[in-house]
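I've put the structures underneath this note.
After this come two complexes, each holding subunit A, first together with subunit B and then together with subunit C.
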Partner chain A sequence: MAAYVLRRLLYGIPILLGITVVTFLLFHVVGGDPARMLAGKMATPEKLAEIRHELGTDRPMFEQYLEFLRQTVTFDFGRSWQEKRPVGELIVAGLAPSLSLAVPAFFLETVLALALALYCAFYRGSFVDRSIVVAAVAGISIPSLAYIIFGQYFLAYEWKMFPIFGYAPLPGGVAFLLLPMVIWVLLGLGSEVRFYRAVMLEEIQQDYVRTAAAKGLPTGRILFRHVLKNALIPVITRVVISIPFLMLGSLLIELFFGIPGLGNMTVEALNRSDFPVVKAFVVIGSVLYILFSILTDVLYAWADPRVRLR
Partner chain B sequence: MPLLHRALLACAAVAAAVVVTAALSACGTDAYPGEPPGTLHTYVVSEMKGFDPTQAGEETTTLLVLNLYDQLYEFDYLARPFRLVPCLAEAMPEVSADGLTYTIRLKRGVRYADDPCFPGGRGRELTAHDVVFSFLRLMDVRVESKGSWIFAGRLAGLDAFHEATKVAPKNPARAAYTAAERYPEVPGLVAVDDHTVRLTLTEPYPQLVWTLAMPYGSVYPPEAVATYGEEFMNHPVATGPYTVAEYSPAQRVVLVRNPTYRAETYPTAGAEGDAAVHGRLDDAGKSLPLNDRVVVTVFKETQPMWLYFQRGFLDRVGVPKDNFDSAIDPVTRELKASFRDRGIELDKDPRLEVIYDLFNMQDPGVGQGEKARAVRRAISLALDQEWATRHMYNDRVSRVDGPILEEFPEFDPAFRNPWKRRPDETRAQVLDRARKVLADAGVDPRALPPIEQDVQESTIDRQLFLASQRDLAELGIQVKAHTSTWQEMQERIDRGQVQTCGLSWGADYPEAQNFLQLFYGPNKPPGPNGANYQNPEFDRLYDQAATMQPSAARTALYRRMQEIVVDDCVWVVRYRRLQFTLRHPWTYGYRYNDLSPKYFKFCRVDDAARRGANAEANRVAFGPPLAIGAAVAGLLAAMVVVARRTKRGW
Partner chain C sequence: MSAPAVARRPAALATVARVVSWPLAAFGLALGVVARVLLYPLHRWRGRDFDGEAYGAQALAYLGFRSTRFPPLVAPVPAAGESPGPWNEARRRMCKSSVALASWVGTCLYLYVAVAAQLGWVAGNFGAGDRDAVFAAPTGFAGPHVLGTDQLGRDVLALALRGVTTAMWIGVLSAALSSVLGTVLGAIAGYFGRWVDVAIVWLYTTLESIPYLLLLLAFNFVLRKNEDFVEAYRTSFLATDLKLSLGVTTIVLTLGLTSWVGVCRTVRAEFIRQRDRDYVIAARALGLPTRNILFKQILPNVFHLVLVSFSLLLVSAIKFEVILSFLGLGLDPEEASWGSMISQARLELLREPSVWWQLTTATGFMFGLVLCVNLFADALRDALDPRLKH
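Here is the complex of A and B:
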């Protein structure tokens, strides 16, 4: 397994290089001149030259790319062009708010989706199964912005069930995170239930399930020990690959609820052409994605003894 | 109990926990439980980027810097037309007869707020040396200042200093610019003694005094820069009415009263009509600041900001575009009764700006020659701005005829832009006039190649383009869009690739020169003359007026310059936005000023009135949470019933 992991890590290097090249070109060829934005309305050629010099964007492209590679290796992305603070410091500051929303919400969403999917698969064709499937499809069809706007307006403003806006660190700030969490769960629940229901249905119709039932095993044991465990591979794929995205935060929810997380920061950085911050997000996101892909493979072997990592 | 039922019960418990916690937290939806009285709640619409005055290039930093720091001068809070009054200065500057030397005497006894950067943590008295240091730092290239333009080329020796900073090592904690470190002397910026500053200009610059009221003109102690270095941006040390108690750039900043703030009082006289405005002069003569705390919250989306105001968690709000119809009557353009009944008041203030369509005057199609001028004039006439005002802007804009706004002393009330629709003219008449302009110049609009308009990627810009396309089609002029971001458009303007595009310019100070510089030849891109307009007569008049102190003769020159650019139709002069602000009845003293939003110290909130109103607005409704809980319970019950009745489906 160690050799497999090492080989996958090595495969990750060219992928990461490709990502850095694309990101660099997008910002330097398509993205325009950041000095123009920073110079403001009273720009002069001299002022623009000064800013380019300070940012280092007047250096040859290859030299700038090498600097980007150095930053990628050292994970030191310098200072934000807008905030004038170290990028690492900004990311650390945004990580806790993002995770305090994303982790419990994602956990709740996954548990609820698995439970509902298992129920639907087991009682397939029943009134409740059909209702849940219809609700799931309807839920998927509604744009995410609608959930946020209606949730904030009705649940928080009209019915005063939750605070409208704001954030405070946990545990004191749990009230601020409840509504964003509910919206997060509702946003993802439809597609998760549909996916897991399909997985469970396929598994529940396998011969070994019928054999287990014929042997007289209790229903719960069949469902949770056998069906759920054998359905774990697609579940692991979906769950583990989602984890890097949790760290990058939820863009819209954070914006609307004033959660100072990484999603919020990403939008701000893109709007302001803050290349050091965008670079950091792209590289960290890519590295996490590669690492969690490898972790997924490792977990396959753990979940299914038939899988061999070579 | 079967395992499946247990799982269902677990799910039920989770759902019930959410509902119960929500119901319980509902009792805590007051945004500021336990807050001390005397707190003003206001907001910004973008993330805060610190408090360094050299970085005050955008709205949020400008607001924070102006309200924390003091400048030599500030705008009279209530006076309209705008005028300056001394802030740190004792009086208005003494200007030499040749207009080159400004002597400014400082108030005595103005102290910095206590801060660990001072010996013993006790703030010292502000001196003229601090003014010199702050202005030099503004010109330091290594500080990446956004405001060096206010002094560039103006003060004797300052450009040489600016050049010297380019080769100096970067030092964020630099607290002095000494000859030992090869910084040249700056004869144009001298502390004559502890309480006198002398500014010597390279040539007369009558607008200088306005720039001294800008956030870039803020004064701070070198000790703060030395102590905090790069973190100075997050540790303001100032003589202003507040100090920072809590700061989270993406969330909020809490300011508290500076106990060592100098004696200052609310103005006793306002502009015409101020006496009739609720809360405008109620605190006349009272000691400033009028509140003990200010909480500035970051709202990047307008919906939560609007809901916060409605619940009484914000004391004032600019009406967001998306909520305009819910607050403002579509016919009368006044506040709806549902808001008036709650005592909420509406202020309508025109912004000091011009929204315009720029033509690239170097472009052969729309810029060069008599025929191109006729095309520009015809376009200006044919664009149906009345329709756009009504349907695109909900009447949130007002007509502008030229670049000199009515708040400026040089404004000519008799001036009418001949290339705009007259109030008494019908759409058909103005189109006939446009056709005649083209015909007189021998232009066949159908033979013209399509004009390319740069359009930004927002819905409103796209809609405005479609409206322009429709309007000009009535003349037979075709327009096509070139979609770009703001940044791309600026770069295309710099490279002279834009034919026409929509832009706006907000005033930096209330003088015609601030807008007329947009037509001055040497200010060509990347400078503010985005139209690349080159007119020798205009440039000559501009040069002549630039060194003149305010006078009737200078006003005449500015008016003549306005006539030239309007006659040449360099811009389609469109309109200016109206700022609609709502105030709760417990908010006193708020006055909109987009030039200098220095209002924190002048605002007061009536805590008793706010508490009473908020208790009513925030009364918890128990019905909806219970209904949602019942719905969840019903779903779970149905699941259990199905589980019991359904035959297992292996």
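Here is the complex of A and C:
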């Protein structure tokens, strides 16, 4: 196991190098000259040169890349161009709001989707099953902005069930997070239910389920002890691999409800051409993705003894 | 989608579907005929021939609703009694499902609206604002503004119809770009294996590791800021001939170049399974060129996966256009797109009295298209892969 994890970590190195190259190319080659953006249209050549020197973009490309690599390895991404604060500080500040929305919402969504999927698979072909399937397809076809805008307008503004906008740290700010959470769940539920339903259907048609039913096990026991356990592998993959993306929260939801999380910060950084912040987000997100995909494989072996880690 | 318990052939719906897809089929067959006529000398020179008469007869029979067998665009026309082939078989299976037929009819109608709006037959003056009728409420078919007007007095229905064109351009072009990219890379990686495979897998693992929305936003953002790219766009055929805006071009490039990972992974896995099959070994033994083996021998056996991915990519491109436009990275507010309509309309709900029609119209139009394509993709997957039972 330890050898496997170590080897996978070593495999992660070329991927990480690739990510730094892509990010670097994106911002330094495709992105053009950041100094011109920062200085505005009326800048004099001297001013431009000064900004370039300050940013370090007047140095040779390779040197700049090495500097970026150093930043990646040490997780020290320098200072935000706009805020003049270290990027690390910004990220730590944004983490709590993002996670306080994302973690409960994601948990709720997964549990709800699993329950619905199990129900659908058990009563497959029934009216309720077909209604849920139709609702799920309809649900994923509604634009995500429509959920947010209509939800905010009707639930919060018209019917005053929730605060419209704002954020306060937990535990005081629970009220602010409720509506974003509801919308998060609605946004993701359709595709989750569809996915888990397919997984459960696959499992529920297996012979062992029929055997369990034939020897007289109660339905609840079959569903929760047998089917759910065997369906665990795809569930684990989907859940674990989603965790790194929770960091960003749902960018749109954070934006609409004024939650000062990482998603909100990303949009702000993009709008202000704040390259160091965006670069840091990209790299950190990717590192987390690599780590969590290793975790998925390890959990595989734990959940299914037939899987050997090689 | 689970099929209804008693699968009856929905005859009326099937007829509607055939009538609706007639222009599309006629266009495709005309292209096929032109291509065959143009390529005729080449075929003769290579010592191959095709039965133009049989092809033409089959095409006319299909278009005259006297046969349900679509004449194949590349292979010879099958004789009577011969197996109709997997595609006709899949088509027959799809014709049994009313959901598939209805979603196909819907998708076709959207496509025709898109073509009509691009040619200016429908919603030609969508950009013309009526200063005297700002935020006019919907009047229904009796009045001048069926679905009301927006903050510039532009007709909301015309904007939404024109938005179909924008959505279709973005969806089709970016899905085509990423499908082609993913298929070619996946085929090469799967077939050749070894270091080519390692390199391509490394490339897509890298892309996949970057949080997708961030990659999309960052790529789109830097592309728009790059003056060389903007300059290259202005002189390209995209701007001068197709009249695609900078926003559309950027979105197509961004989505096309970043969303090929899924297709590539699927195609690669399938090519690995196929590359040691007997027919591939036989093709290799016959000395067929590798290009032929990859794209003429193996690809047709894998193509159904590409087709399903294409329709799903189309949907996700349309959805991302809305998000990007809302974040100010998509289309300009003057352009007619559902994304810019939704993002403009979001504060209009708060007006007194509330201006809901622009938001609702854009949402409704988009919902219809996305729903149709989603359902069609599901039906397509079920019809092309009968082993799968969802």
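Quick note on the criterion: the second predicted complex is superposed on the first by the 308 of 310 C-alpha atoms of A that agree within 3 Å, B and C clash if a C-alpha of one lies under 4 Å from a C-alpha of the other, contacts with A are read in each partner's own complex, and residues count from 1 in each chain.
Note that in this section a contact is a pair of C-beta atoms (placed from the backbone, for glycine too) under 8 Å apart; a residue touches a chain by one contact, two chains touch by 3 or more.
What you see is a predicted model, and the numbers here were worked out from it, not measured in a lab.
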Of the two partners subunit B and subunit C, indicate the one touching more residues belonging to subunit A.
B
Which of the two partners, first being subunit B and second being subunit C, lies in contact with A:217: first, second, both, or neither?
neither
Which of the two partners, first being subunit B and second being subunit C, lies in contact with A:201: first, second, both, or neither?
second
Between subunit B (first) and subunit C (second), which, if any, makes contact with A:51: first, second, both or neither?
first
Quick one: is A:270 in contact with subunit B, with subunit C, with both, or with neither? Answer first, second, both or neither.
second
Please indicate which partner A:149 is in contact with in the superposed arrangement: first for subunit B, second for subunit C, both, or neither.
both
Examine A:138 and indicate which partner it touches, taking first as subunit B and second as subunit C; both and neither are also allowed.
second
Taking the superposition on A as described, I'd like to know which of subunit B and subunit C A:282 touches: first, second, both or neither.
second
Taking the superposition on A as described, I'd like to know which of subunit B and subunit C A:290 touches: first, second, both or neither.
second
Examine A:95 and indicate which partner it touches, taking first as subunit B and second as subunit C; both and neither are also allowed.
neither
Do any residues of subunit A touch both subunit B and subunit C, and if so, which are they?
31-32, 37, 124-125, 129, 149, 153, 157, 267, 273
The answer for subunit C against subunit A in the complex is residues 1-2, 5, 202-203, 205-211, 213-215, 217-219, 221-223, 225-229, 319, 322-323, 326-329, 338, 342-343, 346, 349-350, 359, 363, 366-367, 370-371, 374-375, 378, 389-390
Mind pulling up the subunit B residues that touch subunit A in the complex?
2-4, 6-8, 10-11, 14, 18, 21-23, 25-26, 28-29, 31, 46-47, 49-50, 52, 55, 57-58, 141-142, 144, 146, 148-149, 152, 166, 230, 233, 248-251, 297-301, 303-304, 307-308, 310-311, 313, 485, 487-488, 490-491, 494, 505, 526-528, 618-621, 623-625, 628, 635, 638-639, 642-643, 646, 648-650
Provide the residue numbers of subunit A that touch subunit C in the complex, in ascending order.
14-15, 18-19, 22-23, 26-27, 30-32, 37, 124-125, 129-130, 133, 137-138, 140-146, 149-150, 153, 157, 198, 201, 244-245, 248, 251-252, 266-267, 270-271, 273, 278, 281-282, 285-286, 289-290, 293
Could you list, by residue number, the parts of subunit A that touch subunit B in their complex?
31-33, 36-45, 47-48, 50-51, 54, 82-85, 94, 108, 111-112, 115-116, 118-119, 122-129, 131, 149, 152-167, 174-175, 178-179, 182, 204, 209-210, 213, 218-224, 255-258, 260, 264-265, 267-268, 273
